[in-house]
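Pasting the structures in now, so scroll down.
Each of the next two complexes has subunit A plus one more chain, namely subunit B in the first and subunit C in the second.
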Partner chain A sequence: MSNTIFDWKKDRSMFPEPDKDGKPVVELDSQKYIKVWQGPNHPGVTGNMALELTISGDEVMEAKTHVGYLHRGFEKLFERRRYMQCFPTSIRMCVPEPDINEYNLSRGTELLSGIEVPEMAGWLRMIALEMARLQVLLRTVPGQGGTIGLGLPAQWGLYYRELILDRFEELTGGRIYHMYILPGGVRGLLPDGFKKRLEDNLVKIEAFMKEVDRVVYSNAVFKKRTKGIGVVPPEWIDQYGATGPVARAAGYKRDVRKDYPYLYYDRLDFDYNVEHESDVFARFHVRRKDVDTTIDLLRQIMAKMPEKGELRAETPNVLHWKIPRGETLVRCESSRGEYLFYMVADGSIYPRRINLRGPSYTHGVVLLEKLLVNANISDVSSIMVSLATCPPEIER
Partner chain B sequence: MNEIIEHIKKRFPVYEIGEGPNGVILMSVEASRLVPMLTSLKTNHGYSILVILSTVDWLEDCKFQLTYIVNNPEEKRDLGIRVFIQREDAEMESIHTLWEHAATFQREIKEMFGINFPGSPGVDDQFLLEGWDNKPPMRRDFDTKKYAEETFFPRPGRETNDPAAYMKQKLYPDE
Partner chain C sequence: MSLKDIFSPFTAWGKAFEKPVTIKDPIAERPGADRYRGFHKNDISTCIGCGTCETICENEAIDLVPVEGIETKDGDSGLRPRVDYGRCCWCALCVDVCTTGSLSLTNTYTWVEEDPEAYRFTPGVDEKPWDKEEKGWKKPEPGYEFYNLNRVTMEHLEPEERDDTFIEMVKGFSKEQAEKEADRCVECGICTATCPAHMGIPEYIKAIRNDDLEEGLRILYDTNPLPEICGRICTHKCETVCTLGHRGEALSIRWLKRYIADQNPSEKYKKILNSEFIEKNGKKVAIIGSGPSGLSTAHYLALMGYECTIFEKLSKAGGMMRFGIPEYRLPYDQIDKDISYIESLGVKIKYNTQVGVDITLDELGKKYDAVFAGTGLHMGRSTRIEGTDHKNVYQAIDLLRKITLGEEVPLTEHIVVIGGGNVAMDITRSLARLQKQKYGKVGIITTSLETEDKMPADREEVIETREEGAVVNPGWAPQYIEIENDKIKGLHVAQCYSLFDEEGKFNPQCNLDNLQFFEGNMVVESIGQGMDLSYLTEDLKHDLEIDRRGRIKVNEYFQSGIPWLFIGGDIIQGPDVIHGIANGHKAARGIDEFLFEEKKDTPKP
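Here is the complex of A and B:
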């Protein structure tokens, strides 16, 4: 897209001079460059994470991700806790969307000890997972505008997210951390009238998303600032293990719910949301379509789920629950992409190793460091938010 | 899938082939044959994504287990390859030439387990821990409780219950 106002690339490409390998040489002593820290406390970064930027004028020459400001050693703590005691710790590994941790840990524990989950519990798990996805998307989709100065829709989005948190409070007792999905099943049934109240919320959210379309997606400033910015070349997707909306925005049909169906997603009717431009705008467009898909899936789940049934399978005494030696891999689709647990049991009451691999592990480190080179400093937060990095996932 | 496994069995000395509870095929291989095997899987068999590189500390056997899980996005299959290395002066060949983001995994493993990956970019840089001069903290013989007691002083009014005893009292009082 020709862009006369912001057309600055020609001048800037003079600095820095590349060496014979084509790699830019950044000499801080030459006084052409300065180092700027974006984060760990900064409104333009997601979570407690720092970007060490070397800039020339307002163009980023080099970017380094620094994590560790939120390191709480979860994976180490798991090794000293019984399987059930791991749950309160695991949900802190991703604060905005804790349910995926509950699901993965439960599923891994069930797989390793050979427990089958009742059908009713499976459908209820899907309700919790989709509601969690919706509340994250209600932050990130309008919140994208916030990174380039359209802060108002982001504030509106938080109100609609609260509606979903109300439903979570009703269902589980907690607003942020739910502890609803447990090994063997779930903690409770849907309260009376829950479906109707959720449906009312969904109608309101649909109307709100139309406003977001008008205010953010049709906005000329938004388009100018996001189209052609932060382009991830499609060949990077496999090479760097990018997943979720980042992969789908590059034209790849990747969605764990369809590729490796878990729970009862294979009984639902939905499609991949794919774009091809692979820039910030395309990634937001994918997320915007994900909102519609999630709303549709919630309606399908509510229509197809059984009215009553068993909530939990029989599980051993949680204090003496020994899990036989074995390894497993559990994955689910989070709002940011593939969310994966690698679990190793050694036959004792404690897990030997639980390793999380979230999408941010590559999105937030390798991919972000590469995308920021030659970006304008005002686009840094926009690119970062479009990759949806979540630092606690990197520094478990 | 079986064809690939047969093919790999012919070319590489793999052992302990088994299927995990999730249908993931796991196999072990000698450390020296790992890189040729991963190269073959990536270039000939479509296993183009490195999903995770994880480490398990088997302190009682004096061994580290490195697990490389690779994924074939076309056939939607995972393959896990285990490598066992000695715990003393642990060192492993780097695979950053196959997948660039493996350097991040290796940098973290170097810091958390003390396994060296010579040649991996930035492997000696600090990743999460700043100014850490103790034993690598994810090793099983690093005692977090002892470290916390030695490093931080107790504050009055912060007495806690033993979690296991508390759970027993709450959940199974008659046992």
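Here is the complex of A and C:
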């Protein structure tokens, strides 16, 4: 089948005259261009953020990201909360995957005050983190098809995500806001029969992923619409600090779980999922393989974790838990990439500063603006979803 | 791209023959998981309104509000948490921090109501359909506490180290121990409300955590001028009601107070407490008795600029604290430390001066602007059973006084003590020490009307008494003392099965079929003390109002029917040190108001 019939040529970009830096000069008065706002409420935009697109025909000439629709000032709120009060607030910095916030915050608090978490709690934290990753991937992997009109698998995926949320509900008492990992440890052991129910879910999810493979992954339309689209040049990865699937799709072996092992990830057997094309399809492919890795990791964790153990280390009285002056940096691998907290303690009962450096800021603000130039307007949401931006994490 | 890529998506059509998920797995109403964090439930009879839930709530969704039908009392603030579901995020930290374990979340998660105000409710008080729901979030099992439920162990002298000496047996906290213990406090303030002197307990414990012991001392002296003494022998009503005691061990508030006082050297007191310069106001107040109430009155009056003179019958100051409490519990140098600070404020103490004998109360009333009488309970009460008129039957309080004064104490190899209170334990342990010193062994038996579980003595006192070799055998009513050839052979007792009658009046009942004989050559009675009011002449008594039980009526500032005479301490309230201190503080304010009417509305120290 010839590609020429369907191939869309980037021709409009010939119209704007480039200036001496080679950047096209867009004159709105020339009536060749129009401004289109995609978002803040748009099904093709993840969360509440807006893309201000300057288009010529159906080609994007210029893209600007606008955030600020979700700002709730979490980092400032932390400064007026006791260390123990921060973790229920922190989860709102990334609603789809809340556990990474809890983990980073708890780990940072523990590092600053020199507390070691019991082994059992460490394994339970890994279960929560991997389950959270799995339920996010169950949205984003089939969801990538949804961005180009293959909405059906995206709907199916939500059902399988609910299965994991059921497990979260019985483990943590909450479906979305788990509030499970807290400074010192975790808040509950695995309920009776939890491992079996989770295993049943994993089997179902594996079967579902085969369906996704048939309907999305090996779909001529999907390949057509994603291959060669939104290519992140590999040299940009270090230049802009892209991490996670974006970096791995560009051929970089980047995974915090392997590079800077935390919890007991060094006792688990897994590998980097790497692709080289660095386009939307490659990023989709990396995430698709991440699903298999996560399922495998969950099985390994359930097999290797101890049966019994302490839930929580002994901490000072949480009502006046003072942490001596110090600073620390904690990171973990989220489904989107490296998730990093910088924490400063000033010796009082409140943290002096907690700063989040998440992957969405680079991916969603910097890379997206660059990748959208010369893209077809129908690919905008596809590119955006492939970068996995999470606006609440950008404006925390 | 291959043909397979074109055709494989059509496998999705396979789903057309399957039932949709919504039919396979319909949305039926189902209860939340066993641990679900749903709506709040509170067992208001267990809840004491300590407010830790309010403190930990990061959304300020919880307020403590007064509730109809729940009275404020010792150990219960009378408030209950009200939750605002406009703010709550169901994190359940309030459940995890709850000191009594009364608060929990149910697994109910749907609630529809038109009135937005309804979503601000008091769980347990406002009835809700989920109040009976058993499942839901509860505090996870042991090992998950937000604060330490166990006390830091206070080191004591071992029984064999202390049973023949009057050296202080409680060693006191080190810095690390004190800070660790202070860390347990949840700052609820239930203790402050219960303490008769309303000491700022959470505040001075916070000062320990901050390692600011000078600030701690200032907080202590705000309400209590005898911290060394109270830090050792206070009846610690604060610890009895301590909110941590509901699920674990109460905070060692008394030892923490002692730690602050011990760590501050007495020569720095005046500087720390900012009492180096006090402006005199020219008024003179006489104080009868140098016990806790007298010293407390003198301290606060001296700070206000009054010239205070204490008249003390005995040769040393301290009253019952010195002459009633044995040295191993309260060393004399610690009493001296507290008293010398009060003296340094300009308070004069006239020793060996008994009011009513050496000087009359009338004279005092004329010479001074006001008089405070805190003469205490120094007269031992007798059981008045057959044989108590024998010369070898003694009153515990008289013997304790003799021990303090260094006088010779009558002693035999076998002694019987009657009484179940702390004074009985004090005399038992003191005599046991003397026996050990003199005879090398202990031969003392203590009996009381009350059974083991109802004995008024502190539990640890009873345990320590036994550790030191004395026998405590409670639950017996003394019948008579057997005397042969003018020598005491022992005490006959009968089993006592009831202390109070149906009206609650003291009316002990004994089972005369169950008798026992306690052998001993000396009997000590310790069943309570009475007051000696001989210094009140008939003329004065005429102006005083005395109630049925023989107590003098005073107003809230301890002012008696005679305007210049204020009366407080054990003879009015108590008996214990902390009530005396509280009385003295209040009386000092009363005297100030009485002498300076116009100052009534200004705040007093």
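Just so it is clear, the second predicted complex is superposed on the first by the 389 of 396 C-alpha atoms of A that agree within 3 Å, B and C clash if a C-alpha of one lies under 4 Å from a C-alpha of the other, contacts with A are read in each partner's own complex, and residues count from 1 in each chain.
Criterion: a residue touches a chain if its C-beta (ideal position, glycine included) is under 8 Å from a C-beta of that chain, and two chains touch if they have at least 3 such contacts.
All values derive from a computational prediction rather than experimental measurement.
Asks: Looking at the combined model built on subunit A, do subunit B and subunit C fit side by side or clash?
Replies: clash
Asks: Figure out whether A:Leu319 sits in contact with subunit B (first) or subunit C (second), or with both, or with neither.
Replies: Touch partners of A:Leu319: subunit B and subunit C.
Asks: With both complexes overlaid on chain A, does A:Val344 touch subunit B (first), subunit C (second), both or neither?
Replies: Touch partner of A:Val344: subunit B, not subunit C.
Asks: Which of the two partners, first being subunit B and second being subunit C, lies in contact with A:Arg214: first, second, both, or neither?
Replies: second
Asks: Based on the superposed arrangement, let me know which partner A:Asp200 touches: subunit B (first), subunit C (second), both, or neither?
Replies: After superposing on A, A:Asp200 lies clear of both subunit B and subunit C.
Asks: For A:Thr172, select first, second, both or neither according to whether it touches subunit B, subunit C, the two together, or no partner.
Replies: Second partner only, subunit C.
Asks: Let me test your reading of the model: by the given contact rule, A:Gln85 touches which partner, first (subunit B), second (subunit C), both or neither?
Replies: A:Gln85: touches subunit B and subunit C.
Asks: Identify the partner contact of A:Glu395: answer first if only subunit B is touched, second if only subunit C is, both if each is, neither if none is.
Replies: First partner only.
Asks: A:Gly73 in the overlay: touching subunit B, subunit C, both, or neither? Say first, second, both or neither.
Replies: Once the two structures are laid over each other on A, A:Gly73 reaches subunit B alone.
Asks: Considering only the listed stretches 111-119, 129-137, 147-155 or 165-173 of subunit B, which one runs into subunit C in the superposition?
Replies: The overlap with subunit C comes from subunit B residues 165-173.
Asks: Hey, what residues of subunit A end up touching subunit B and subunit C alike?
Replies: The overlap between the subunit B and subunit C interfaces on subunit A comprises residues 81-82, 84-85, 317-319.
Asks: Could you pull out which subunit A residues touch subunit C in their complex?
Replies: 1, 81-82, 84-86, 88-89, 150, 152-153, 156, 159, 166, 169-174, 177, 179, 185, 187-189, 191, 211, 214-216, 218-221, 223-224, 310-312, 314-320, 322
Asks: Tell me, which parts of subunit C touch subunit A in their complex?
Replies: 1, 4-6, 8-9, 11-12, 15, 21, 25, 32-37, 52, 55-56, 58, 89-93, 96-97, 105, 137, 140-141, 143-144, 146-148, 183-187, 206, 209
Asks: Mind listing the subunit A positions that touch subunit B in their complex?
Replies: 67-68, 71, 73, 75-77, 79-82, 84-85, 111-112, 114, 238-241, 252, 254, 259-260, 317-319, 326-330, 340, 342, 344, 352-353, 355, 357, 361-362, 365-366, 395
Asks: So in the complex, the part of subunit B that touches subunit A is made up of which residues?
Replies: Per the stated touch rule, the residues are 20-22, 24, 26, 48-52, 54-57, 65, 67, 69, 73, 76, 78, 80, 99-101, 103-104, 126-130, 137-138, 140, 144-145, 163-164, 167-168, 171-172, 175.
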